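Multiple structures follow.
Okay, so subunit A shows up in both of these, paired with subunit B first and subunit C after.
Our next item is the complex of A and B:
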């Protein structure tokens, strides 16, 4: 009985062992980098000869790291808001519209997720060089909004499809205007989708490296660009400290997501 | 079917108005730049196909193409082999244990890409933990070259691609009716036969769709190959970036980008077919 966990017999031992090994493999780099960030060895020796907070001190004492993190947060927040708002409107058209080429439109709006980022990166970089947006915050936000848009559209359309439109119609029959019905009935019902969209869109921009490498200027660089630069230079433990903070952020986002989902889906 | 007709904005088809901002954004800042880039491949520095001739005529670039396909194929194969047993267990495990494994998968997937790649750079280097551990155990006497070569890229890429293979496969495996396997057992099939004749064929659509996705993503990957790979086995995305950024050869870079775009889109279309086949109407 290959699909019956209780009756797998010896095969279960082997498969569970393998799964545990893969889980350890997936966890290894994350745990390792956090441990290393507290190690005192400049050369990243492991196990570390001693424990220290000096890499974190260096990180916070360096204004270029702080600047890069703030720039990333600012750009990701703007890109996420834009992607969610534009994606919300587009999702209504994609789910409820009755027009030819709807599938084509959906395919088109999701293409930025499929096209290799490097192709988009050099295309938008060349374009922005010509119109003077290369190396600007606006340029960054536009490029990241395009990349974040599919991550906003997918959860919102999924939520909208699961929502029974007759409830919205009922509100209109009871005297609500179509706008009121959407704002007060539909939007609250699909809030989990909108919330997921916001998180994914934010992360799509926050973690984005390739476009950022091209778009960055000496005065405007995001956190991934700063890390990329440090990695190409040397494997400084300061990067481990920055990386550990990013792991912490990921954990926070996972916990918040889990809690909010539980609360919202009550 | 619906009780209410939507208002139509200025001549637009019913219900399409909401898509206008997205369409403007994607049209102006995605379609236009990409098309402009592709045009550049046949106009820069002068009109003609010389960039494509240079691309396919030079042994260096042909090697980059072949190496890109080789890496993507190896990564895909390893990812499938590792992901299948895990997805299988996740599909049937008691949820209490399964959710821990799911949590680990999501954590690794959501962790910053550069962070994960950096960790592997440190782990795999000559004096890294893995080499030290293997030497300490007496398995090897010289440090293994695990970074700046195919091994490094494969380990780093498989690590990144695993969630994209495991998660959809769990869905495929959960959708298989356990009764089919019970029937096989009743008819006298042993575990191996049941696996080969029932479980594997039934999960093949999921394996093919996931594998194709991993292959397509690997083809155009930039960050991990650039940091974990060597100069002798450069991949296409890195070559494109370098041609444009360091050599400022936009014509050649655009031509290579066009090749990558065509291959990716063609494979993506096949993937959509595979996934769409299981969903009548290919709905949203």
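Our next item is the complex of A and C:
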């Protein structure tokens, strides 16, 4: 290859340096937040004068934080389930269907990913105000399902495209009805894609803040909304602790995904 | 004749203006191994899919024991099928794959277990029951697919180029396995391939497809020794074709003039020809020899090349008209003393040569 890493010569040093700088730029803020959450300074001074767990104690002692975390998890789980179910049907249509406007439909279903979130947030907020869904869990879940849908559709369509339809045909010749063949053969065969879809959809809702701010009410707050609100009210290291937990859970989910993918794709 | 077991009646399949299958009619007796042979796009797979139920024919009918299959959905036809691609269920073990058709039929556990063991023994993969498809070679996967397709004792087994993804040596091994399994189970097999050697090796009868029609149907010997057309002669085995002009036919022995002006007589005409009609003379490479036989006619040629192939030699000769002829004498036959000398002759029995319309 023309751009073979082995043949880059001194450019290799520059490439490694540049990559490291980009990685640091992306990761350092996260590292700082995590470090500050353990720091004893009330004012988030860096480097921290000492180390403590008291911000975490305060976090877990405050029911509004726990409540927000549970709300986030609940909404993300519901949005993920809905997005995967709808994503499955949509993916079958997009991959197997032969109808006019198929590409158009694919584009439409993926727009939430490219549409400016704030535009979407205002639009759906105005709509939900009118039909009385603003500030309700149902409204929240619907809004997040729409945002999560592209993250479900992309891995499922990819898995379905990589699945040889002859295998499904073989199951049908073996005596399985088309529905049985899909449930017993096709779905298990694309389970890695479905699993990835569930994780991505969950995360898309879990750390979403813009739409969540519009959807939230005083009694219905997700963790990112609570963090946002606390940041504006008083800059306490508790926020850093909450953020660290958010990052931690996301990281855990990504690791679990990677491990399961490896296990499933033997 | 008794009623045929499987009857394909005037099956026709069109895709828009394109006719993929033209009114194909075949009767298949029970237990026969029938191969659909032909180049790609000749309609052989489409005909098979019509029997499997993946594609409804545009017209015509498929009858199994006198009952039409067409109104029966694929999963209720009770037909076995092995596909060209590997179609084992990737998340199920070998034993679970073979058990699948029995499980969807809700057979009792004991029967499923016994049948799976029988089938894996049939394809000689008893020790692979707990493996997953990803851990099997291509040949093993197709044998499991065969076991799965036979597990529910289907009356007909369809095989759609099942060996085309395998290398040649493995292909021959599995062909032998398929022959043995056909012998042991007595199942009626419809087999699709574009490989004429495979067709000759496996089949009781071969239906040779060309452009959606059956060009000839018969045993391998029929197609090889008595080809109905130039296409059949060219597709099955090796053939030499020489342009010629028909002079006359008397008592079914035809006389022609070759491009170099030489006259050959005693040839087999596949149909009546007019005087002066352009024809093509076909003779198999192994029917040609470098030494005259009792009833042979001769062709004047130059020897271009000779090579040794173990059981046979290959001699490439060229006529004065510039046509190359492939000669395959057995390797113990006498060689020309000086191949490069001019005025060489090759010989064949005119009864082994055929005339086709040009």
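Brief remarks on what is shown
FYI, the second predicted complex is superposed on the first by the 264 of 266 C-alpha atoms of A that agree within 3 Å, B and C clash if a C-alpha of one lies under 4 Å from a C-alpha of the other, contacts with A are read in each partner's own complex, and residues count from 1 in each chain.
Everything that follows uses one rule, which is that a contact is a pair of C-beta atoms (placed from the backbone, for glycine too) under 8 Å apart; a residue touches a chain by one contact, two chains touch by 3 or more.
Only a predicted model underlies this, so the values are computations on that prediction, with no experimental measurement involved.
Residue contacts after overlaying the shared chain place A:172 against subunit B and subunit C alike.
Looking at the superposed arrangement, the partner reaching more residues of subunit A, out of subunit B and subunit C, is B. Residue contacts after overlaying the shared chain place A:32 against subunit B, while subunit C stays out of touching range.
Judged by the touch definition given at the top, the superposed model places A:60 against neither subunit B nor subunit C.
Judged by the touch definition given at the top, the superposed model places A:247 against subunit B, while subunit C stays out of reach.
Contacts of A:164 after superposition: subunit C is touched, whereas subunit B is not reached.
Of the two partner chains placed by the overlay, only subunit C lies in contact with A:188; subunit B stays clear of it. On subunit A, the surface touched by subunit B in one complex and the surface touched by subunit C in the other have residues 166, 169, 172, 178 in common.
Across the complex, subunit B is touched by residues 1-5, 11, 15-16, 18-19, 22-23, 25-30, 32-33, 36, 43-46, 86-100, 103, 105-106, 108-109, 111-112, 114-127, 142-143, 145-146, 149, 153, 157, 161, 165-166, 169, 172, 178, 203, 207, 209-210, 213-214, 224, 227-228, 231, 235, 239-240, 243, 246-247, 250-251, 253-254 of subunit A. Within the complex formed with subunit C, the residues of subunit A that make contact are 164, 166-167, 169-178, 180-181, 184-185, 188-189, 191, 266.
For subunit B in complex with subunit A, the residues that touch the partner chain are 2-4, 6-7, 13-23, 25-26, 29-34, 36-37, 40, 82, 85-86, 88-94, 100-101, 103-108, 110-123, 125, 127-129, 132, 159, 162-163, 173, 176, 178, 181-182, 185, 191, 194-195, 198-199, 216, 219-223, 227, 237, 240-241, 244-245, 250, 253-254, 257, 260-261, 264-265, 268, 282, 284. If you check the complex, the residues on subunit C that touch subunit A are 52, 54, 73-81, 83-91, 100-101, 104-105, 132, 134, 145, 148-149, 152.
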